[in-house]
Every structure is written in structure tokens, then in C-alpha cells.
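Paired with chain B in one complex and with chain C in the other, chain A is shared by the two complexes that follow.
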Partner chain A sequence: MGESEYLNESVLELIGLRKRFGDHQALEGLDLKVPAGSCYALLGPNGAGKTTTLNILLGFIEADAGTARVDGVDVQANPAKARTRIAYIPEQVQLYPRLSGFENLEYFHGLGSSEAEPAARLRDCLNQAGLAEGDCDRRVAGYSKGMRQKVGIAIALARRAPVMLLDEPTSGLDPQAAWELNNSLRSLAKQGVTMLMATHDLFRAREVASRIGILVNGCLQQEIDPAEVAGPELEARYLQEVQQALGVQA
Partner chain B sequence: MKVLGLNRTVLLGEWRLLSRDPAAWVALLVLTAALLGALVQGLSREQAVAASLARWADTDAAHMEAAADLARRLERDGGDISSFRDPRNADVVGRRLGVQHLALPSTRLGALAVGQTDLHPAWHPVSLESRDRLLAEGELTHPRRLAVGPFDVSFVVVFIAPLLLLGLLASVPAREREAGMLPWVVMQGGGFGSWLLGRVLPRSLLVLVPILIVGVLAPLLQASPDGVAGDGQTLVRGLIWCAQVTVYLAFWAALALWVGTLPLDGARSALALAFAWLLFVVLIPSVSQVALDLAHPQPSRMAYVDAMRAATDVARAEGSETLARYLEDHPELAGETVDLDDFFAQRLLVQERVEDELAPLSAAFEAQRAARAGQAAWLRLASPALLAMDGLADAAGTGEPRHRHFMDQVHGFHEQWHAFFAPRVLSGERFFDHEGVPGFIYEKEPLSRLLPRSMLLLASTSVFVLILGWLALRRCRSLPKVIGNG
Partner chain C sequence: MIRRLVAKELTELRRDGRVLGSLVILLLLGMGAGFSAWQQARVQHQAWHAASDGEHERWLGQEAKHPHSAAHYGVYAFRPPGPLAAFDPGLSPYLPVTVWMEAHRQNEALYRPAQDSGSAGGFIPLSPAIIVGTLLPLLLLLLAAPMISGERERGTLRQLLAQGVRPERIVLGKGLALAVLLLLLLLPLWLLAFAALLMTGAQGDVLLRWLLTGLAALLFLGGFAVFCLLVSACCRQTRTALLLLLGIWAFGTLVAPRGVMEWAEARHPTPSALDFRQAIDGGLADGAERERRIQARAKALLRQYGLDDLDDLPVNFNAVRLQEGEEHGNRVFDAVFGELHDGYLAQERWLQGAGWMAPFLAFQALSSGLAGSDLLHFRDFVDSAEAHRRMIQKAMNDAIYLQPETDGRRYVAAPELWATIPTFDYRPLATADVMAFYGPGWTALIAWFVVPLLALMAVSRRLAP
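On to the complex of A and B.
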């Protein structure tokens, strides 16, 4: 299979990924494929291995075994190159409070870019991410968490990366901000960005993801097409998987 | 876009962050105030010393001229005058009326480093008195300086500037690490090490640049007694001084860089850097001093004075016997005019005999001092602060090596003075050669001696910088540890 064909099929691919921290087996042979232009939501309880999976893809942690590929690049072999294909939005988007939203975007975008980006394009990214024009030049110290998330998305957009990794993106957001975030993510998916999202939020995951994986104890227990299940059924299946895997009586 | 290999965006962002950080402004204000205070202190001291030296030079010349006039008048008109004040007496001229105050001229950077002027005074009297008696004379500076202590620009550089620099760098990148920003920063690409350097460099420049400005201002503001605007040596010394400051602050920046790559939070990072300052600036110099005192104690001045008194008593008791023995050894001096009861001849010879008696003790003291200096040269390698102290004083011309160069000339001139007056005192003839007494011209220490010393000090500090830089680079390469996930 040629690389271009591969790219069209799975931009993100995890094969038999294993990772152990002391006595804790964080990942137990995780296999996962995310096709190009789709959004994959990784659901799971705390300690299921979601963040570990993201950290391996980001090259911050080395897997004990298995392979992780991003846009055809082996992460273990070439983490720096793999990172150029990824935009990452952490759970808490932390920005420099003394800089404005625009200056933060300019700063973080400039870290990895050898050429200065036109200001108009950066402002466009902020607008696309949903940050009001009047807020762009205000200092971030006065921003809400939702506004910071939007700057985070703008930074990701400015990178023009084919893959976006999101770690609990709706955590701590009010419903309005979470709804706006989902709209932005859907818009990104339409633009062909491949997304892997680690989350606890079943409802938001069902809204935005094209596929949901339930991860418990480092194993992918079940993959679900959200279009085929209603919200309550998704919750029931999730709880069943979690309780089964953890040996809890329903 | 890259500036000197660093990301322009990081530099611009860092500048924005610094300009909006009240702590940075406070640090800059404190540094500027300390530097200006120290510069004013140094300049006023240099001015006072220069004025004193000029006054002494004028006074010495006036005294000699007055002595010559009086000698001519007494010879022409006659008159009574005590032998102890008679300008026709070679001993009186050589010992009292013609005393020369030899000056170590400032390098025009003296205001930057006062140095140990209590140990290394900028002037030295020369007469027929013994060298040791002359060494016991005090320093010619304003008593206010003694009260204030050596608060000079070098003090600010060695003690205060590192504290301010570490204060500015302690949160880099600890704050980002605590906030969980580091993974995101690394994700943007461009290299963690490059980003960190881009953050550390502007903060370091905030401390370095004002010091360098003061370093340039000092020689321009320092009044030159001869009106010369400085020479090539001033320029070279200035460059060396700036290099010493830069390398010394680079050491602290490299230390902060390395600590920044350790998985420490802000409080621990600040604590580690504060301890490093205490270690290198206070503890190691103090321990070095104690080790030096244990290994090579300071020669006892009291023992030397006791020995000198004992030898003087013996020589005086022997009185004219001393003079007779001397003339036996130097028959060419035994003219008809020599009187074995001549007080002046006897005093001179007693003094010479005391010097001879004390020669082995002086040699032992000198050997002890040399051993102490040698040990101190090794011990200073333990701390960049010690290296910087020596380096800055040496570049400014107030260090021990230039003073020793001056003292060698003083000793040479003392011998010349003695050789000129001693035969005239012993012959007992009337003295009229006031214009012929030796004059002193200070010969500058050649750069060929200064440069190797300075290069050695710079290289020694650079070794610290390179080691810390290498450690930091190694940490930056092991990314997970830097980020704190591993």
C-alpha cells in the first residue's frame, strides 16, 4: 500500500500500543484507526489511558511496545516530524495573561513557524475560532475559560495541521461555550481535519464525533457509530462497559 | 524569522512580557539605582585620590625647590639652623625634606572597581627610611570611604546583579511547567532549547546592558589628571572588563537555564537558584578564605615588628662600632670627613644593619605570602564569583597584579634613592645637588602581562558556562523529563 493510499484511509493509526507506569498498565495493546477528515472520541473513566494515548502520539511518552503513526509518520522513530502534523488543544489552554489573545496567537504560532504570518490571517483564525473581534486585543488575564479555548483553537487552526488532538476540550466549559466549541470542531472536520478527542463528556462526544471508542484499563472495549445510538443508549453502553471492565456490580 | 539563530517571535513576545511585568521594572530600577550609586561612589573616590596625588606631587616638588633655595641662601648668607633641618644635610633631604610620594595612576576604569585599597594603596612614600617603615604608612583616601566600604560597580556586578538576574529567570520555564503549558509550547515546534534560550536571553540582557553602559560611561566621566581622553590600554581594559561581566552573568544565566530544565516547580526552582547564589557568592569564598588561613596563615606583622625592634636595639647599642665595621667593608667611602660619632651616618647604618638582620625574616614572610597567593589563585577556581572579583579588579587596574607591578617599581626607586643619598650621608659633605635627586616615572604594566591573566580568568568562568550549557542542552534533548511527564 502506497503512502498516499494509506493517508486517505487512516491518518491516525495505533497498533498494539502498550505502556506501563510501575504497577499500572496504562495501555494494553491498544489498536485504533482514525480515517482522514473524521472526528474520533475516546471515552473512558479516569486512568483509562486516554491522556497516555495522546501523550504517545505527541511524542512526550515512549510506548513500551506497538506502533503509533500520525499522517504516515512513525511517532517513536521521528517524534519531531510527527508533531509538525499535529495541532494540540490541552484540557486547560494556558496562555500568557499579560499578552492579548492576538499576541498569544502570534507568539505560539511563531514558535514553530520560520516565516511571520500575516496579521490578517491570524485575526481570521481567531474569528473562525469564535472569538469576538473586540476581545482579540484584550489581555488574556480577563478571559473566561471558553475564550481561552477559542484562542487555543485559533492557534491550532493557524498551524494548518492535518491532525488535531484534543484532551478533554469541553471540561469546565459552560453549555454555551461547549456548544460553540463543538460548532468549531464540526467546522474543522468539514475542512478535512482529522481529530482525536479524549473526553468524559458523552453528550458532546456524540454531537461532534463520527466514531466513539470506549477505553477502559488501556483496552478499547467497544467502538460505536454515534449516528446509530441515542444519547441514553450510549450512556448505558458506556456504563456497562466500564462496570464490566472494572468488575463493578450494576 | 530568526535573529542570531533565535526565533524572532519568541524574542518579541519575551520583550512584550518583560515590558508588562512590574517585577522586571522593579529589577531594572534597583539595578540602575545601585549602579549609579556605585558609579558616583567610585568616581568621587577616584577624584579624591587623583586630587591627593596631584597635591602630593606639587608638594614634593615645592618642598625640594624650597630646600634647594634655603641651601643656597644659607651657603651665601650664612646663618644658624639645626642640623636636623639643614637642607645642606643629605640625610635631612633624603629622609624628610625630599620625601617622594610615588603614585600609581588610575587606568580611568578605577571607578568601576575600587579594589582592596587598604592593602593596595595607590601611592607610596619613598625616603631614606627603611622600606618596612614606609609600608606601615596609611592610605591617602577620604575617611568616608572607609565608612561606606568598597561599594563599587564591581560589587554590584558580583553580588547584586546575579540576584536580580536569578529573580527574573527563576520562573522560566517553571511557571509554564506548573501551568501545564510546556507540552503545548513544545508542540508548536521550533525546539524547546531554542525557545528556552529565547526566553532567557532578553532577561539576561535586561541586567547586562545597564552594567555595560555604566562600564562605558565610567572612563568617559572619570576626569583625567593629564587631560588625555584615554589610550589604547584603556580601551583594551574596558573590553576585558565588559567581557568579564558578560561571562560572569552568562554563568548565572546558564545556571538558571539548567535549573529551568529540571522538573522543579517555581518555588523549588527559586530556592535552588537562591542556594546557588549563596553557595557561589558567599559560602565558597568564605570557606576558601578559611582554608587559605589554615593552610597558609597571614604572616604575623607583630612578630615582624618585634624582630625589627630587637635588631634596632642591638644595632643602636653598638653605635659607632656599626659605622666602623661598615667602613671596613666599604673603604672607598671612608674619607677624611667621616666622623665615627656622626649621628646621621650611624642612623643610616643602624637602619641598614636592621634591614640585613631582618632579611631572612622578610624572605620567609614573602615566601609565605607567595604561597598564600598561589593557593588563592587555585581556590578562586571554585567559584565564578571569586574569578569575577579578581577579573574585574584586574581589568580596572586596581587588582593585586598591577599593584605588585607598581610596588616593584617603588622598591627599585627606593634602592635608587638610597644609592643616591647613602654615600652623601656617609661622606658627611654638604649637599647641594637638589636638582640631581632621582625622579620617579611610573611605567605602565604592559598588556602582554594583563592579557594572559585576563584570558585565564575568562576561560575559567567559561568552563562553568560550557558545563552548565551542556547539561541544559542534554536535558532539553530528553524532552519528557523537561516537560515533567516522565
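On to the complex of A and C.
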């Protein structure tokens, strides 16, 4: 197998995913592939089905139809095995309020990996995520939303998984932290980590992603190579897609 | 990994001041209740010792008299506190402490039955058994209800699962953390009880009872903890889990005991005092059988000695009349009382069986049984006292039998005769007999541990975030 072939191989593969909640069709045959070592940004209005897609990849909800593969593992068949390949930053990072940020990281990380990690490396992850040194050992009960988000990012970074799923990772982050996160993601991609990121931040998506998909009503409307479009044009195309799709529906 | 899960749970609980506070309060309550119950048992024990000795002295101090007068002189039998009465006074406070032993007086009306305990002013003394049976489950419930539902509600369960943690492991970690807490609560009480037992010189059988009581408490509380986790694992919200468990707790400890007691009474009704008295009086009044036996004895004796007149016999035929009268009374009482006692024991067994419905009932039955403060022990005591009474009557009548009153003078026995009667030295039932009676209670407790455990294992494999 040649190197270029390997790079083109899809680590995340979604084929014909469908999911219905009651009488609402959340996903309507979603096809999506993310090659190894690249970052895919999923844009779309609220309720488009971004979180649902990530939930299916995590095995938290079962798709009605279609296949989801993570690093070659069929999620429906073996969700536990698929999860061992994934690091995940949820839409809302939830932590144990009575533990400190560091203790939370230590706990989540310790449970997720078989080998013990030196405390110094875990602290590095917190720093990399942008949490101030002085905040690491305070109880999470006193954290701001962005501080919690940073701990969530640190948990995902520490995991060193081949796949990273991010659900609006920059929500609540100050610009400085968002910028640092983008740097981290770019260096992760260089290390071969495959990323799928749901986001509303067009600007950051263009900076970090190697491919952008616009999801509306559970359907991928358009895929864009960010290298080929400028910021304003991306926004225009996004708005056009959304309005068109919603207009068609109405 | 399991160690990490347990350590985190314990850290969180430790940092939650409320948990620490309630643990300390419960421990203090348990120790206080244990101490006061122990004091009470000790006082009863001392009184029992003193009174038993005093009674025997009084019996020995009788002047020379006719043995039947001595039989009517009577003595009290004192009931010692159960071996573990300090842990569980059970029915003891509602049952008589003494039984009067006199000629023709089978132990009547002393048997205050179970239903009295329910109506005794509604005051329940806070014994260690009550604390273990009702308050510890309440604490466990408050700790366990949010354990899984809370993580689900907060979203941390999702994050844990996303880390690739196997859900069974998460549940196991919670269970072990609860187990550690449970041991922290139970061990001090258990060891204190052990120290108290050693101080009073208990050994062998009593220590076995102590061991088994601890086992019953562990089974009961462990099963309840597992049940709480099961409910927590099935609920989306902590509030739901809490409400459900509180309802179940209230039903099991407040509603069920009352209801089941009434149900038991309905199944095995206690005869009214009037019916009971009538059955006894009717039986006693019907002296035909007694007369037949006396005639048969008379005929046999006359034939044996080749005489025609009872007054010529070299033995005292009055003794035969007295003994036959005694035995007639015994038969009537054995039949009527036996039925009453059996009815009570059937009720008691029914209560144990109801342990299938609420494990608290099974635990309560077991703990009072092992403590020796249940009806089973009381019946054994009453039976022993009655046997002792019969032994006294038999000894007195036998003495009379050997002294024919041919010259018309009444026989006067020397005080040496009184000394042939041993002290009434009651020993509680052997633990093996107690265990045999409480088989259904143990089975119910074990089932209440195993079934929720199996269900929890099944649920935890498919734990949804």
C-alpha cells in the first residue's frame, strides 16, 4: 500500500445514515468520508443533525439505517471497540463539580487508558487547552463555562486517540483560547489524527478544516474545499444553501 | 481502573459535607442507642440474677410443712434478657419478665401476644436494630439514588462512556464505593457490640449469634444498596429515583409491617380472651377423664397390695389424686395453650414469609430472633418455666406419696425436701434451633440480595447515557 493511498483511506465513514426521532427525520441518508489525518468541519443550522451524527459515531444512539465506521470498526456492531479509537469533546463539557479540573482530567483519562500517565503530561494538556495554571487545582464548581470547556479539550487531547470528534469545541472559549485550540487541532492533524468537528464558527472552520460540509435537515448539501474559497464567499455560500434548503421545505 | 472509580466516588462523598455529617450523626445515634439498650439489658440481667437467687433463697427458707403447702407457696421464674437484647430488644419490652410457678396454676394470662406490641403507645425505642433496619437504608438511599441517574442527568455518564469505559465497570465502581461506606458504618457498631459481649463474658453460641446478626445486616443493607443502584441505573432523573426509592422505603418500613401484622392476625386469628377462658374452664370442668384415671390407679394399687380400702395402703393415695388433678390440668392447658402458642408462631412465620415483600420485615424477624427477644424465645422460656413448675409439683406429690397418713396426722416435710428442687436456670435456645425456625427469613434476605444484583448486572451492560 503506497503512502498516498494510505492517506486517502477514510478513517471515518458514514454511508446512508438515517435517523428518525418520533415524526422528525433528523438524518436523511447522510454520506460522509473523512480521510486519515484530516479535519472535516460540519456546518449547519441548529437542529441540522450535527450532534446526532456524532452520537451515532459514538454509539450513543442507533441509526435506523446505514453504516458508520470508525477506523474500520463498525459502530453498530461494536460500539465499545469503536469508542476506544475516539476522543470526544461534547457540546457541553460536563465535569464533577467537587473535583478540581486536574482531578477531573486525571479521572477521565485514567478510566480511558490502560497505562498510567505522568501528572506532568496531564498538566501540559491543561496548559495546551489554555487553562491557567492557577485554575487547575480549583474545584470545577467554581469554573466558568469556558474553563470547563478547556478541561474537556484537555481530556480529549490527553487521550491521544486516532480519531477526534468535536461538537462546537470553541463555544464559550475566549478568542485567545479558540486560536490556541485551532493551533492544537492543526498540529494533531499533522500527527495523523482524523477529526470531525461540528461547528457554527465559519471563520475557524475555514482556518483548520481541510474540508467543509454544509448539513441542512439531515442532508449534506455541499462540500467545500476551504483552500478554494475566501471567508466572505464561504459565508455567502453557507447562507445560500441554508436558505435554499429551508425555502424548499417551506 | 476499578480502584480509580471507587476512589473518585469516595472523594466526592468526602467533599460533600452532608454525607460526612449524616454518617457521623448516624454513628453517634447507633452508639447511643446501643449504649442505652446495653444498659437496659444489663439492668435486666442484674435484676434477673438477683431475683432468681432471691427467689430460690425464699423457697429454701420455708419452714417444715406439708409438701402441698410448699407447692402452693410458689416461686417466680425470671426471664433473662436475650443474648443480644442490647442490639435488638424486639418484643421484650412488651412481654412479661416473670412467670409464677404454683400448684394447679399453669402459666396463664402471662402470654401477652404480639398484637399488644403494635398498640403499646406507638412508641418505638431507638435500638441499634431499628437504626440498622430503617435509618441506614434511608442514608444508603440518599447516597445511592443519584449515583447513576445523577451522572446521566449531568452528562458525565456520556463523557465516561465516550472515554471507552465499559458501563459494567462504572456500575461496579459505584457498588464498591457503597460497600466501603456500608462497612464504614457497620463495622464500628459491630465491633462495639463484640467488645460489649466480651465484657459480659459471652462466648460460643452468643458469639455465633453476633456473627450471624452481622451477616444478616450485611445481606439486608447490601441488597438494599444494590436495589437502589438498580433504580438509579433505570431512571433518567435523580428526582425520579429518589421519589421511587423513598416510596419503597416508606412502604417497606412504615406501611408493610403494620399491614402484614394485621394480615397475619387475619390468617391465624388469636382467640378472644373470653373464648380462651371458656375453652380452659370447659376442659377443666370436664373431670370424667381424671376420675377414670384415679379409679384405675386406685384399682391397680389395691390389687397390687391385695387390699380393699385405700386408707389401708402403705402409700398416700392423696398424692395420686393431687398428681392426677395436676396432670388433668396440664392436658387441658397443653391443648388450649398449645393451640394459642402455635397460632402466634404461625403469625411469626407469616411475618417472616412477608419478607419476600419487604426485606425489612425479614431482617427484623431475623435480628430479634438472633437477639433472643422474639416470640420463639419467649415461648421457650414459658415452656421451660412450665416444665420446672411441673417438676416441682411432681417432686412434692412424690414426697407425699411415700408418706401414708394412716394415723390421721398430716405429713410435715423437713426443709431438706425443698433443697432437692434445683434453681430455675433458664438457658436460651441453641442458635441452630433459631436458624431452623428462621429459614424463610434467611431465604427472603438472600433473594433480596441476589435478584436485584442479577437485574443490575443485566441493566448495567446496556447502560444508556
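Annotations for the structure displayed:
Here is the rule we use: the second predicted complex is superposed on the first by the 236 of 250 C-alpha atoms of A that agree within 3 Å, B and C clash if a C-alpha of one lies under 4 Å from a C-alpha of the other, contacts with A are read in each partner's own complex, and residues count from 1 in each chain.
In the analysis below, a contact is a pair of C-beta atoms (placed from the backbone, for glycine too) under 8 Å apart; a residue touches a chain by one contact, two chains touch by 3 or more.
Being a predicted model, the structure only gives us computed values, none of them experimental.
With chain A as the common reference for superposition, the partners chain B and chain C occupy clashing space.
When the shared chain is aligned, chain B and chain C each come close enough to touch A:107. Residue by residue along chain A, chain B and chain C are tallied for touches, and B comes out ahead. When the two complexes are overlaid on their common chain A, residue A:92 makes contact with chain B and with chain C alike.
In the superposition on chain A, A:115 contacts chain B only, with no contact to chain C.
Once the two complexes are laid over each other on the shared chain, residue contacts for A:80 go to chain B and to chain C alike. Once both structures are placed on chain A, chain A residues 58, 60, 80, 83-84, 86, 88, 90, 92-94, 96, 98-99, 103, 107-112, 155, 159 are touched by chain B and, in the other complex, by chain C. Interface of chain A with chain C (complex): residues 58, 60, 80, 83-84, 86, 88, 90, 92-96, 98-99, 103, 107-112, 139, 152, 155, 159.
Residues of chain C that touch chain A in their complex: 1, 4-5, 8, 11-12, 15-16, 154-156, 158-166, 169, 464-465. Those residues of chain B that touch chain A in the complex are listed here as 1-2, 7-10, 12-13, 16-17, 20-21, 176, 179-181, 183-190, 195, 479-480, 483, 485-486. Every residue of chain A that touches chain B in the complex is listed here, in rising order: 55, 58-62, 79-80, 83-84, 86-88, 90, 92-94, 96, 98-99, 103, 106-116, 155, 159.
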